[in-house]
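Dumping the structure here so I can ask a few things about it.
Per-chain numbering from 1; labels A, B, C, D, E and F assigned in written order.
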Amino acid sequence: MAIFSTFGLKYKTMSKLVSEFNEYRTKMNEVILSKDNLVIKRLWNLDTNTYAAGALDVKTKELLGLVASMVLRCDDCIKYHLGKAHELGLSTEEMYEVFAVANIVGGTIVIPHTRRAAEYWEELMR
Amino acid sequence: MAIFSTFGLKYKTMSKLVSEFNEYRTKMNEVILSKDNLVIKRLWNLDTNTYAAGALDVKTKELLGLVASMVLRCDDCIKYHLGKAHELGLSTEEMYEVFAVANIVGGTIVIPHTRRAAEYWEELMR
Amino acid sequence: MAIFSTFGLKYKTMSKLVSEFNEYRTKMNEVILSKDNLVIKRLWNLDTNTYAAGALDVKTKELLGLVASMVLRCDDCIKYHLGKAHELGLSTEEMYEVFAVANIVGGTIVIPHTRRAAEYWEELMR
Amino acid sequence: MAIFSTFGLKYKTMSKLVSEFNEYRTKMNEVILSKDNLVIKRLWNLDTNTYAAGALDVKTKELLGLVASMVLRCDDCIKYHLGKAHELGLSTEEMYEVFAVANIVGGTIVIPHTRRAAEYWEELMR
Amino acid sequence: MAIFSTFGLKYKTMSKLVSEFNEYRTKMNEVILSKDNLVIKRLWNLDTNTYAAGALDVKTKELLGLVASMVLRCDDCIKYHLGKAHELGLSTEEMYEVFAVANIVGGTIVIPHTRRAAEYWEELMR
Amino acid sequence: MAIFSTFGLKYKTMSKLVSEFNEYRTKMNEVILSKDNLVIKRLWNLDTNTYAAGALDVKTKELLGLVASMVLRCDDCIKYHLGKAHELGLSTEEMYEVFAVANIVGGTIVIPHTRRAAEYWEELMR
């Protein structure tokens, strides 16, 4: 079927999505941290602590980070939390319930970000 | 002790926070729904469905609604989800971990909303 | 009926909504303009020009200003455009269709602002 | 003339803007809807209803959707409404009055989105 | 003169603006910090460090905090930075140039926040 | 060293960042201004005036424009102000203190924009 074969081919060219995101992120984090701005360094450490297990478990916290990133419409933040959610073994159905909350709370302007989130999630799940 | 007695007195005047919020909300919802705008009616129904149990449980969904409301800095939305979280028996420690995610993701501009959230939570827990 | 009589009484105390908004606005505009900041003065003049008739008529432009204010969740901006829309003779049904667009595009975080918009519109229509 | 010939060439490479936007949109909508999340499905249906003729006509509603998308700085939402506005036969002058409202209400941070909107509109008008 | 005498009287009733803001802020900070959420505590410490003298002086940093608070339309954040700017001896003219940048970058939705900022600044300067 | 040589090569492909940004900006500004929308024209003139020397000097004003652009997460606005800051001879250390304020006030959603800002600044400093 025409659409699906095109679709399949397209997916092959999309396969760099995850690695390119991670590489750019790593490279620029190095540049930024090399400047030794103490406030930025500490904020980034704190960011890591925020998602550690506490009264809430790690899965819930990642979902909180994801929905917050979606309603604030930060594509890179969304990708980061999708990557983490994937590592933690969260299901597609769970992801889409988070997407639904984000779309309802944040409105239809969240839809384009949901498209990119869905695309990235497909990539992670391949 | 001076601070705490003042504090206690203050809390008595604050004791209307929850009821006033709920009354105004109910009253204006009636006004809005009386106008029979179909899109608004359906969106509001959908809003209720969004937080129903599914792949994610009701508690997790309420926390998602809360953190989304906090980073978008919507005080009334925050109060609504705090009320729901309280009904569901969530603990103060859990609430503050949601507050922490919201403050880290959304930055220090979330702090004034965190103050009002903390105040409302104290009211709910009395 | 208990609810409606309370409601009626409430509306009497709300009757200052419009005049208080306009008075505070006028007073603070005077304070700001008295400082002679040229950029602010020119921006404010430009703001008036923006809503003048052109390729689009005045009614359409006020509705554009209203929906923009709603999705950006600026209560005072909403009140200002509701006042203008009322002067131009727009109907309640038209207003609620603008509210609907704002709620769909901007999501449920627009609801609390819709409540305050609906309250202000009731005041204007009395 | 150097600038305009370069410009003309550039426009040939830009000519895929509209089709690529529509294809990606269609493809990802299929992915998302295939997951059968009821809330997302219903919200998307509701989104279509929102812009149907009512007390306000279809043209006005599309302009409301456009200006809301601009002040919320959602490029894909802007493209979608520009496409609809073009189908409805709205003029360049009308479009730029919407752009003006968005720039005044939303400030100079709307300018980069106005550039991309203007580029897309040129493409639609070719 | 009628307007100014009313204005003067009004100012007497406004005179609690600064103290009430500071008292509520202090009280709720105590409530929040008493819950011992480590992420929140560290973020708040970091917030203090952010405005310490470095490559940029303290005055410039406070103005950065102020303009950021204005475009993000956080009234309490604005009040906090106005208080600091006042302690540092910044002039009304300097303040209004910050207001101008915020109004141009963030658009006319910043105007209502500028009114409240102007009101608070008048209070601080009395 | 593997990482740095890759990094160096990467930087060669990035070298078009600044010129491409400026060219697109110039080209689309011409398109927009050719439509003669008076409100847009005047706003853009006003934008230039906003950053002229006054009670605050030009350097401070550019930093205000930069931090406002960062917390509002407008990549193109950030690039514009980074270009200006570079022309004015501001140092990397000063830039990173602005980045730090933006990250603290606006939260971790500002991080992806900080990465792109850092990349652009490296390009300007080569």
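The rule is simple: a contact is a pair of C-beta atoms (placed from the backbone, for glycine too) under 8 Å apart; a residue touches a chain by one contact, two chains touch by 3 or more.
Since we're looking at a predicted model, the values are computed, not measured.
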Using C-alpha centroids, which chain lies at the maximum separation from subunit D? E
Same or different interface residues for subunit A and subunit D, judged by whether over half of the residue numbers are used by both? different
Whole-Å separation of chain centres (CA-atom averages), subunit C against subunit F: 34
Inter-chain centre distance, subunit C versus subunit D - centres from mean C-alpha coordinates, in Å: 26
What parts of subunit D, by residue number, touch at least two of the other chains? 39, 43, 46-47, 50, 68-69, 71-72, 77, 93, 96-97, 100, 103-106, 108-109
Note: in the complex, subunit D contacts subunit A through residues 24-25, 27-29, 31-32, 35, 37, 39-40, 43-44, 47, 68-69, 72, 74-77
Report the residues of subunit A in contact with subunit E in the complex, numbered from low to high. 38-39, 42-43, 46, 49-50
Looking at the complex, which residues from subunit A come into contact with subunit D? 7, 10, 73, 92-93, 96-97, 99-100, 103-104, 108-109, 111-112, 114-116, 118-119, 122
Provide the residue numbers of subunit C that touch subunit A in the complex, in ascending order. 71, 103-110
Which subunit B residues qualify as touching subunit A in the complex? 46-47, 50-51, 54-56, 60-61, 63-65, 67-72, 77, 91, 93-94, 96-98, 100-102, 104-106
